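In the two complexes below, chain A is the common chain; its partner is chain B in one and chain C in the other.
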Partner chain A sequence: MSGQGSGGPATPWDEGGPERLYTVSRGRAGRHDRTSVELVTLIVARTEPEPGMQPEIAAVLRMCQFPLSVAEISAYLVLPVSTVSVILAGLLKERRVEARAPVPAAVLPDTELLQAVMHGLQNL
Partner chain B sequence: MDYRISDDDGGTSGVGGVGGITGPRREDVLPASAAAAVKVVIVGGFGVGKTTMVGSVSEIRPLTTEETMTQAGVGVDDLAGVERKTETTVAMDFGRISLNERLVLYLFGTPGQERFWFLWNGLFEGALGAVVLLDTRRLEVSFDVVGRLEERGVPFVVAVNAFPGAPAYPLQELRAALDLPDAVPLIDCDARDRGSSRDTLITLVSYLQALTMTPETS
Partner chain C sequence: MVFAGASPGGRRPASALVWVLPPAAMAVCAALAVTAVPAAARAAVAWCGVVATLMVTAAAAESRRRGRLIATLRERHGAQEDVLRRRLVEQEEETRRLARDLLPAAVARLQRGSMVDEVMKDIDHTPALDPDFESAHRALLRAVLETVRAEEDLRDAAQRAFVNIARRVQAIVHQQAQDLRELEDKHGADPEVFEDLLHIDHGNALVGRLADSIAVLGGSRPGRQWQKEVPLFNVLRGAMSRILEYQRVDLHSVADVAIVGPSVEPLIHALAELLDNATRYSPPKTRVHLTAIEVQSGIAIEIEDAGVGLSAEARRRTELVLAQASTGLDLNDLGETPRLGLAVVGRLALRYRFQISLRPSAYGGVRAVLVVPQDITCPTPAPGGAIARAAKLPPPKPVRRATPTPMPARAPKPAPDHPGFRQNTAGLPQRRRRMPVVTPPIRIDAEPPAAAPAADRPTAPVTPPVQPGMWLAAFHKGLSGESPDPDCTAVFDTTSHPSKHSDHSDPSNKDE
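Presenting the complex of A and B:
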């Protein structure tokens, strides 16, 4: 299949303001408490590691200078997802990291999201 | 700053590589603009090509994540059928595709014959959909997977991996054997081939798009 993606219509997922994204990920993720994460939640560090921190915590802060999924953090720490989630809950509570909630697929994912996924794949 | 970003290829001292803990290699780092992620699950029996498919389309080398699950239940190995708790660690490979500057797709390869996968609620929850990799040498495994996905309401497509020496059924026959509704795409693929794996994902997304246009499909 050839990439017709670059010429396709822009969707809120391709471009557009962050407000829209915020609404989408926040609105539907609202049923979770703010410290809960899932496999593909993206984590971004807000602070740098400090001396005396637990090695795993310091490592999370270091590796999350740029967004990184919970699954990737689990892979690099070689720890189960549930353990990583506990570590992250603590860091979120202390506001040392920020969580970017996954786009919820709900019952049926929205058409703009699917359009963006399609463009991305066609450009591969 | 006391952190390092490594250029080395071994992945032994990437971002956060201190005290034996590694982080992503420099080329595996997402842009700061990455705002949200979606996921697709690739399900299939032992050795059917899940890791191969993840690896052929992923922009990072496949990584492994694991989860520990405790289940209260009857011990299957236990002749007396005593109620007890079983703790199992399940591991799965996954890969990543940056769809654009803001949106990231994760692909998780999970063994279908493992009943614990379906207890890992977070795995299928929120997934866009699934690709069932079909092993024509062990159809019964896929039969089970298809049933479980239908139960959970996870939309899926079925991709037949062409293994040499595997029985080559006509797709119509496979569809009948799996009792697949006509609407569910059933395609051939070669998981080793990047283009073929990508096209399989495109088939899934087209199917999802079709589903959003005909709401009463379940």
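Presenting the complex of A and C:
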């Protein structure tokens, strides 16, 4: 399909690896364990990648030496968010990475309040 | 007359006497009767005796004639029988030769692609034989060969048809797989849809494997061609993704090698069939272990299951199936799935020189070992395995929080026009702005290919802050005339050479 174009100069046969996504996430799609991770959750690695690790996990650990959002990880690995979430859920369980929750919307001041303040200031 | 008639001509004196005996006895009896009867009846009796004697003589002569006839006939018959028997032996011998030598040789030649006429021409002929018989034999041979030829043609046609169909299915499956991958990317954020997509994707891969199997049995290659080498890890995972119960397979240590492009697909396929066997014939709760280690002759990939195991008999049969794989597509094989898989593995092993052995496993099941020859492996470009489509990962950050020095230390040649704080042309220490000093070594040496994106990443600014302390300390030491602290040599080695360089080059630049 049209996405093929991103494959670049290679022949149409030459794209990706021989494995399919379900082997990457070992059959899970994250329907059950995608609780703590959202697109904007920041992930920081707590451990170094070790030899013999699944390459995706090693890559996550390597790139998350500095906080990266789930969305970014997904983009870098070219893996769907669900797959990344499954991988991250496993890593979180093993305490290899930690998740930093994004600022919850409720903590941010109400827009109406801000607007009221702005108007008040303008009216001064 | 009687005597002349009875005489056998000297050849058989005993039997000649035998023929004389009855008429003589008759004559004696007649004479006795003539003497015994009254004189009145004597004439009549004598007549009767004479007549009887003549009759007996005639009968004896006739018998003798017939006896001789029979003897000659018997003689002739014996000779004829000898001839016939000899001919029969020759014909039997010829028939035996036909069955034992000629026919198998001719069929073998036919299977190697010779034409019927060619084969017929080369069959030597036996001159001793009756031409009729020989031509009948040749006709028979020709009929058989033509039948075999027709059968071979039919099988070829069937193979081609199978391969053709398999190719089409493969094309559709491949297209489907690509589309599914796109859908997975598109709907990847929704776990419910995503899971269903994975399910379909898996089913699609199974269809693809079946099509590949049929293509292989038809004498063709399995599936797609890979242009580049693929890391072994990904090959093994590729094999896992084509079996039904891939979740039961544990992928353990994998040697860090890659498989050259043309052999990737056959290896994946052979492994998938072996894994399928392993998962199919072991209890559903047990795990199947998959490892790959380097051995002298290449890479040994082991598949170990905890199933029921193979009896010696079953193993012998299985190895026979593996070994017999060279014969072409047998339509009967397509009816029985397990044998289909092994036949496919056998054919692939034969063609790509994989060595396969099945041994009892320590877990009680079967340990299948597939040895990949050395010459289809190569060093892997991605140790540990490549990630499916990720061409670029974010660059590893050059500086860890605690260990700032090693990175710049590797700098082969920092930019000469950033001498840092070293002395300027006037001989006075001169402090430069911090950013230009720090960033060039990082950009140049820490991660040559990928640093550019790092610069504009939000986290990149974290990089420099560790440097200033070192930098400043060295500055002070430089001012006080001390040689740089060993901790910092690494940092300053990189800058000192070029700075000397610049000391020399600056004036020269001015001169120019």
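The criterion applied here is as follows: the second predicted complex is superposed on the first by the 70 of 124 C-alpha atoms of A that agree within 3 Å, B and C clash if a C-alpha of one lies under 4 Å from a C-alpha of the other, contacts with A are read in each partner's own complex, and residues count from 1 in each chain.
One rule holds for everything that comes next: contacts are C-beta pairs under 8 Å (C-beta built on N, C-alpha and C of every residue); 3 or more make two chains touch, one makes a residue touch a chain.
Everything numeric here is computed off the predicted structure, so don't read it as measured data.
Engineer: In the overlaid three-chain picture, which partner chain does A:69 touch, first (chain B) or second (chain C), both, or neither?
Structural biologist: first
Engineer: Of the two partner chains, chain B (first) and chain C (second), which one does A:121 touch, if any: first, second, both, or neither?
Structural biologist: first
Engineer: Is A:77 touching anything from chain B or chain C once the two structures are fitted on A? First, second, both or neither.
Structural biologist: both
Engineer: Looking at the overlay, what does A:53 touch: chain B (first), chain C (second), both, or neither?
Structural biologist: Once the two structures are laid over each other on A, A:53 reaches chain C alone.
Engineer: Applying the touch criterion given at the start, work out whether A:39 contacts chain B, chain C, both or neither, answering first, second, both or neither.
Structural biologist: Touch partners of A:39: chain B and chain C.
Engineer: Can you list the residues of chain A that touch chain B in one structure and chain C in the other?
Structural biologist: 1, 13-14, 18, 21, 24-25, 39, 55-56, 58-59, 62-63, 65-68, 72, 74, 76-77, 80-82
Engineer: Looking at the complex, which residues from chain A come into contact with chain C?
Structural biologist: 1, 3-4, 10-11, 13-27, 29-31, 34, 39, 51-56, 58-59, 62-63, 65-68, 72, 74, 76-83, 85
Engineer: Using the touch definition from the top, list the residues of chain A that touch chain B in their complex.
Structural biologist: Those in contact with chain B are residues 1, 13-14, 18, 21, 24-25, 38-42, 44, 48-49, 55-56, 58-63, 65-69, 71-72, 74-77, 80-82, 100-105, 107-111, 113-122, 124.
Engineer: Spell out the part of chain B that touches chain A in their complex, as residue ranges.
Structural biologist: Within the complex, chain B contacts chain A at residues 1-3, 14-16, 18-19, 21-24, 29-32, 34-39, 57, 63-68, 89, 94, 96-100, 102-106, 108, 122-123, 125-129, 153, 194-195, 198-199, 201-202, 205-206, 208-209, 211-212, 215.
Engineer: Provide the residue numbers of chain C that touch chain A in the complex, in ascending order.
Structural biologist: Going through chain C, the ones touching chain A are 177-179, 181-182, 184-185, 187-192, 194-195, 198, 201-202, 205, 224-228, 230, 233-235, 237-241, 246-247, 253-254, 264-265, 268, 382-394, 396-397, 400, 459, 462.
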